[in-house]
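The following blocks contain the structures, represented as structure tokens.
Presented sequentially are two complexes of chain A, the first with chain B as partner and the second with chain C.
And then the complex of A and B:
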């Protein structure tokens, strides 16, 4: 027996979207941005990236609302026909798997580096996959509830750890504003897109919302939370470390936390503590990715959602072992960034255009979510 | 391309893939199998433990029939007599010890033996009017039933009613003058409060319902009776407020109780285990309590209570995790201290699960994480300890659990001594012998104290079990293991439901009304609405602030 709704509430959707966007980016974004931009204007990139993200989210929302209660995997066939639609869906599934395995692999690398130096990475990965699997077989409702439960905890810890960073904050590190003009800022947009990859999952999740009319609100707050978190992090890191040092650090976030030392408190190294909490965020991002992929597979084929999960688990595990080292992992990240651009702007934009021209609009049947 | 091909023939990758997929599949199959076990119904003929017979107008036949069924038990008393001035033979059957002897003499036997012909001249002693005569003029007991069904008659006899058989009538009078030895009402020892009513349920169901009825004059308070136990037929009462409790929930509760398949329910614990949602879960999904005030508060929130005859423990459904850390006292005392105390309980619950595992993780994996001085101090005290931390921690934890269990079973004065002496001497001796480090003893003691804070015994045991699992995961994967274990618990609790309500509410139900009574206990005037998590029919508690 279930009481209440079996769909995702607006609040759950906001936390789900924001915690999909908040993930390993908090560790990788500052360095890549510093290398690409080279001036203290990093934070402007994130703001602009956020605005672009919101624009693309609006496209997706209006596309999804045209096809009420239909997911991306179902309505793309209606717009571009069966064959192209299937190809799009398969690419989308592959893309979701790519993000998922990227997150888990990065998590594994970080954990191995900071917490468990002697443990083989496969052990770290496999144990995480098992916990994720336990969650995934339950369907979307437990996933939404878990994220709703844990996101506030993560945000509180994040604010705590970064607010402590104001001890080494120097405002001069943030100046000059636009010293080299706007050109460097534009270069920083690509890594920002990688960070906001996962926004495309709106195309799937809006169909499962209790009130799809709130989708714009979801897009706004779901983006505002990660944007402000990244903004806060990047400002504090730039202020604490300066751009030059950020370029040379492997993980600037950890470097910042190491920079300030509060001795005599229960913990001495906050970076590991922060990592332990942030594992949860990477975990949730992975879970959402795999859910989308499994949902896609079960929509396209006759394989049930649960079985699709097991098959995709094997795929994700193999994909996440493909990059040999951190450099290759970073390359994988760049690929994801570009694919994200395709799926968040080009594909929904074109689909919306075709739908508008052909005046397509259709409602799906109302059914309970798994 | 070559790289990828090379990668694809690596055996460790394939081995890992097989492991990562097969283990969850195995677990799913296993848990599905286990869950099916419970659902499997054993079809069998409905058993009749009481032989049916038909009542005849002849009293001697009826008495013989009853004798044949209840056997030759020494506590069953058959008393034959002649009715008043008539010569009609009557018989009284009752069970010695379950009947108020005084009342039986005074209100039943005496009027019957002295029954007189009324002045009107009608002959009441004729067979057709004898029933009315006895009911209207003679029997001085208020609860009288005239019953024809024989199995009902026998059940009533065995549960303490007096049977009156009259010659010429194919019916039996069932008179209720029950009285048996009862414990007096005491404050429940497992749920003592500093402030609050000193009342606890007792073993008699009627007295328990009376206690609830005494607390309110609301006509919506409903007691619905069920019989559980195929052989023993115990009375079970479902209690709710009819204009508050959600119908769907009520229906579900009744449905599960009707589907109970057991021959004897000795305690509500049986009922709890048979109606709970997931028997594989470690968390209690039904709350049990001995306090009438707690039951009353729960049904006023729209929850449903289940009382069983013969036990002072009532069940309350649905139950969520936050309830395990709440006490009625939270509402009886002022809100600021009680909010802080409630938060303390959450911290204590966290510590009682994770403290030893943090010790293990820090000492065996991440010495660099704690302040250098502390790390050195711990390393110094651990110098002579021959075991790895996990063994050290297990040693101490298991002995603490042993002491606790031993203290519980022994007679009370001895139990206390064992607890004190055991804790002091074993701890001290273990440190002196160099088996464990003194800091380990502190950790274990702090954990034990923290685990006593939980106001519910059932929740306490669940957390105790989780502690050991947390210790193992810390021993294998350090802080990462603890983090994963925490995630796994969270995953389990978000998947768990208790009678349709997610176990983790209100943690996931972002309604500001329900958060008022979650980590904090906000002042009473703010709690204007009933908790939305049980979907009550009447949501408003009070009209005005």
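And then the complex of A and C:
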């Protein structure tokens, strides 16, 4: 089953990156930030986190562009040799699987809590896996097309749902600005940066772009969209709930949406609408993660991409059931965050450095079919 | 051949349809009991300290639900127990349809119960629950909550009646803005004092009067505020939505000022360990009733005189409320901590814990500016 080309357009790449970044963070970030920062300056963290994210994306872009049409799994061997490269690739695959299972498990837990109380979580998970599998075996093109189609709708609904929260918005909750100085803001930077895990997949996807020259543009817009949504969400949630309340609410985002009711327009309550869109975002994040992992496996071994998908499906299912409760799941999230830091900052940084020192570069379309 | 293939496809589609229609969590709407009100009372029995009333909307046709009396639109079930969830589940022992709290409209808490128990414990289940929303209003009641919820109002369900009364917040200053469960959640967990509106049952109706002060230290009810003091609260917080101001001129004639718009600004000053608040109120409104026989309704001097009198009255209201809050209840329910937090974020970090104490010792000055922009359609001569 092959559809179209294996190249993706710039627009598809932007939507793919931004919908990978919008994931479970939209539920967990507000509380984590409120606890870490403790002042209404949370939104500054997201801005700074976004800038840092962009910087690391730039490193990845320049690294990827040095090796035209090669994915991370291929070019790391050229830089650090076969052995280290393979280890890096395996770690990267494991990491992609970890994010994928984390997202899908969080999705399952929240769906069970808010929507389908009686449905066993495995049923929720498996139905999600099946749909994802159907999409995944088609390769990158259908995935990119689907995401391109869904992301604008999701973004509009996200903005709508949060904009409606202005009904309970109180500006005083956002004041004072930097009341306790900049120290609290710094504390909030780590959780923010960790929310942007998924950025590393640029290392794989840039190789598939139709115009790799646009990669910088992709990094910018692909980050700008999720950063502005997170920023908007956090501002509205802080204004609507106050920092004090965000600390005590398990899922402040949901609390905010439950806070207001509108009479006279299509819906009175917006939880379901929000959950639907959010589920789509979780789904796309998962699909992208699994794609990266399968791609990696098929590059490293002789297993075909399709077969790799089926094998990894089992792996993801087992990994996602490892955390026994929500606390362990949250711990898993933190671990992912730190790994993400390694893969989006340290590894690309080092690789770029080595590549620069050794003057490694590969041009031309020699390896077209990746 | 093609025809046969199509037949097979259609058949496959039909089979698939069979599997698509199911939902694990489906429950038919006619098989559910929609809870619209909760009532909390305390009981004398030590084993079962909470007496909880659940108000369920009658959605069945007459005769179908045995518990409901003829013509009544609701059914009250009162159960005693030591945990809310336990009580809710024990309702299943007497009601065939599972209770569903998504449409909860109001929570009534008996005053004595609120004074005896920590509210964060009473409301814990509601705040934890995944189905209950954070939008139901919370009120205190003078009588037993079960009595209030049992008020026989023609064609109305008491708990939604209570919820709807608060829609009138635009027309009176004697009513606090509605307090929703979500609003008090943070106050309870961070031990900040707040006020809850109070309701009283009177024969065949329920009315909102006064308010109860919940002290942050122990989350318990410590005292009441009268209607006039609630007016003071509304002027102090600036959270009211408009209403009337009733004052008298020097000859003791009643004059009514209708507040169209008002704004309250609180400016804290913290110097050498001395805390001062300056409360600035500005308001615009109309004269809607004037019992004086004066003939100079339109003269500027007369208007200025009225404005001055109204200002005095507002300050008096605020002072009265403030005195009670500072001296008797020592609870900052008017969110002065918020303006202080904004102006002195660092000091507030240290004072947060004993804020109510600092609040009680603070000096407060008032300044009201009232503007009358219209005296109505009547010119006396």
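Remarks
Here is the rule we use: the second predicted complex is superposed on the first by the 350 of 370 C-alpha atoms of A that agree within 3 Å, B and C clash if a C-alpha of one lies under 4 Å from a C-alpha of the other, contacts with A are read in each partner's own complex, and residues count from 1 in each chain.
By definition in this document, contacts are C-beta pairs under 8 Å (C-beta built on N, C-alpha and C of every residue); 3 or more make two chains touch, one makes a residue touch a chain.
It should be emphasised that the depicted structure is a prediction, and the values quoted were computed from it without experimental measurement.
Look at A:128: by the touch rule set out above, it reaches chain B but stays clear of chain C.
By the document's definition of touching, of the two partners only chain C reaches A:249; chain B does not.
With both structures placed on the common chain, the touch criterion links A:172 to chain C but leaves chain B unconnected. Looking at the shared chain after the overlay, A:180 reaches chain C, while chain B stays out of its contact range.
Contacts of A:259 after superposition: chain C is touched, whereas chain B is not reached.
More chain A residues lie in contact with B than with the other chain of the pair chain B and chain C. Using the contact criterion defined above for the overlaid structures, shared-chain residue A:115 touches chain B and also reaches chain C.
Residue overlap on chain A between its contacts with chain B in one complex and with chain C in the other: 115-116, 119, 123, 269. Of all the residues in chain A, the ones that touch chain B in their complex are 1-4, 9, 11-12, 111, 115-116, 119, 122-131, 133-135, 137-138, 142, 145-146, 148-150, 263-269, 272-273, 276-277, 279-280, 283, 306, 310, 313-314, 317-318, 321-322, 324. Considering their complex, residues 3-4, 7, 12-13, 16-17, 19-21, 23-25, 27-28, 246, 248-249, 252, 365-366, 368-372, 477-484, 487-488, 490-492, 494-495, 497, 499-502, 504, 507-508, 510, 534-535 of chain B touch chain A. In the complex of the two chains, the chain C residues touching chain A come out as 24-25, 130, 133-135, 180, 182, 185-186, 189-190, 192, 338-339, 341-343, 345-346, 349.
The residues of chain A lying in touch with chain C in their complex are 39, 113-120, 123, 172, 175-176, 179-180, 241-242, 244-245, 247-249, 255, 258-259, 261, 269.
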